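Chains: A, B and C, in written order; residue numbering restarts at 1 for each.
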Amino acid sequence: MTRSPAPGTVTLQRSGAIASVTLSHPGRLNAISVAMWQAIVRILGELSSDPAVRCVVFRGADGNFSAGGDITEFPQERQDAGALFRYHQEIIAPALQAIGHCPLPTLAWIEGACVGGGLEIACQCDLRIAGAGARFGAPIRHLGFPMAPDELGGLLAVAGRAVTLELLLEGRVLTSADAYAKGLLTRVVADDSLEAEVTRVATDLAAGSALVARINKETVRRLTPAAAPFSEAELRAFYAAWSDSADHREGVNAFLEKRRPNFTV
Amino acid sequence: MTRSPAPGTVTLQRSGAIASVTLSHPGRLNAISVAMWQAIVRILGELSSDPAVRCVVFRGADGNFSAGGDITEFPQERQDAGALFRYHQEIIAPALQAIGHCPLPTLAWIEGACVGGGLEIACQCDLRIAGAGARFGAPIRHLGFPMAPDELGGLLAVAGRAVTLELLLEGRVLTSADAYAKGLLTRVVADDSLEAEVTRVATDLAAGSALVARINKETVRRLTPAAAPFSEAELRAFYAAWSDSADHREGVNAFLEKRRPNFTV
Amino acid sequence: MTRSPAPGTVTLQRSGAIASVTLSHPGRLNAISVAMWQAIVRILGELSSDPAVRCVVFRGADGNFSAGGDITEFPQERQDAGALFRYHQEIIAPALQAIGHCPLPTLAWIEGACVGGGLEIACQCDLRIAGAGARFGAPIRHLGFPMAPDELGGLLAVAGRAVTLELLLEGRVLTSADAYAKGLLTRVVADDSLEAEVTRVATDLAAGSALVARINKETVRRLTPAAAPFSEAELRAFYAAWSDSADHREGVNAFLEKRRPNFTV
């Protein structure tokens, strides 16, 4: 398995005060490569110093939000506990944190697959507006690894404990209607109304007071109870607990070999 | 703009062991004046020392719960950061805390507008029973100011983070059906069944053990995770961050002049 | 009132990697006796040291999950504050903790009554799959006592503050549809599809990586904000506050005499 020749892109477009951040990885359901996670951090940094931008929309190209991390990079990026630490803590966690700490109102425009890392990005946004045909999940149990703490924390903050356990233990993929009923989404509209609805909301957010939005976001974060963050020692122990396991090897190998994993041998 | 000649009233009525606290500000959708916030504190104090009362119902007069704080008082009560501190921390926060810490079962009987300070009162009650035609929101973003920490904390405890952000960032006003789906309400009934349902529930609560209700309420509060309260320095910084802002001036002026605010100049 | 001659049983069955734990107390809707709570601790201990088991299903015999603690034992097991402390803290709390801390995926198969201690057990499971005809509640207010802290904490973690207050203050018994809408359940299926659905899910869980499930469960627990646990002094004060109250005596006596309690004299 070699590195994909086209590792995907994250593009930034502006329309008035609205910035659109688009995940694009053609033919791969916008799977998020290392280069794409890093581009998210860079783009959010640019936006934070641009007073003309007042709302940020996250979306995926070509009818899907994102199917998650780019699994074809796994053999090279995730070879041992140290590499896993770097991949999750130094590549993915900073990108999610950049979105979650963005002082501007953020909006996920969700159609098609919103899975794994895609769902993690959506959960960092303030609002999640989905088309009726979208689907949501984090079925990484089939790949033989658990969700990393920073990623799980964002899902937990939106979905709550019971739904997070359901998504992780069952590896369920939810319809938009089920995801809405379980509190994962702000709103669901017909697929062919989605663009109009997102445009309407983004335009409205961009017309609001950026100061008020920033303070409201800060106050919500300040008042939301949170567990103590993992120490580096805890994170090291987390990755060491499964990086070299038979289940992890079996899960990733089965995926790359396009077969069902067998965890029971 | 002079002080309203009729600043509204909060009245207390008893029917057996049930106390009803009614917000009334005729022609103003029961907008809550300083005098009314102070009356709530006084009335809750009276009730707490009256062993004959076993349930408290909060309602609004004439078909609405409350449209929120009395905006006509803003020019006089909220002139600078110090006045804002006093208005929110010394007038509103004690009233909300008096409701939230009431040892008796508390029930919000909600019809019509339940907005801003009205929603904040409802969120401090143990149960929220609404008619199908009620509406819920806190669209204060249009007024150019954020929600104060004590007020936001009560909303957050009922609505959770995602719904709180939706209400504050979009300024959305929800139907009863949507508010129920999002967890803001205990129950929704047809408007013409609301009085009967509230009476049934209040009668049932009043027939229960006041000791058991008090201990259950205390245990729920004791076991609910909460962020550390804001220090006075944090509160002072919160009000200083927006009190003298152009957005705050524009929002309140636009409201008083009955025009749309323009926050983008 | 003498001790029930048949105090009920908890049985363990294995089918491949799936362990089924069945509450059975014939003619009593599987009311949970002291012997049954203790059997739960013993069985979970056995399962935790058996690597062949990969999923645990909790269910009740004969069409009901469980109607809760065995009230016929109350006069003998709960005579004063010290006995209450022992009953709740040394009998019930360890059983709930054994389920909640089980490292394997746990699944509640719920039909019929899921009430009181039955609901408390279900809330300790990772997933709750119910038939449409099941019913949920904790109407112990009619018995004149509040919910003990460890038990309430489990309900609160699944249901949230507003729904917990509704269940305790109103003593409401919810249908499956309402319990699902309020976030208490993972899924509701037709009663005659329940066994097939539970079997499907348990088989799927058992085929997954036990390591991944264990780590995901640990990470969710680690990241879920929690209040400080009650100290022993707080627990002693909790039981002392109501053990010898007129309301507690009236509630239990009324139940045993099959009449409505009168808490208002």
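Simple rule for what comes next: contacts are C-beta pairs under 8 Å (C-beta built on N, C-alpha and C of every residue); 3 or more make two chains touch, one makes a residue touch a chain.
Source: prediction; values computed, not measured.
**Q** Edges wherever two chains touch, nodes for the chains themselves; is that graph a line, a ring, a star, complete, or other here?
**A** complete
**Q** What rotation angle, rounded to the nearest 5 degrees, superposes the C-alpha atoms of chain A onto those of its identical copy chain C?
**A** Copies differ by a rotation of 120 degrees.
**Q** Whole-Å distance, chain B centre to chain C centre, using C-alpha means?
**A** 35
**Q** Among the residues of chain B, pick out those that touch two or more other chains and give their numbers.
**A** Expected reply: 160, 181, 183, 225-226.
**Q** Inside the complex, what are the residues of chain A that reach chain C?
**A** 141-142, 144-147, 149, 152-153, 156, 160-162, 164-166, 168-171, 181-183, 225-227, 230, 238, 241-242, 245, 247, 251, 261, 263-264
**Q** Please output the residues of chain B touching chain C within their complex, sorted ascending.
**A** Interface residues on chain B, with respect to chain C: 17, 54, 105, 126-128, 157-158, 160, 180-181, 183, 186, 201, 204-213, 215-217, 219-220, 222-226.
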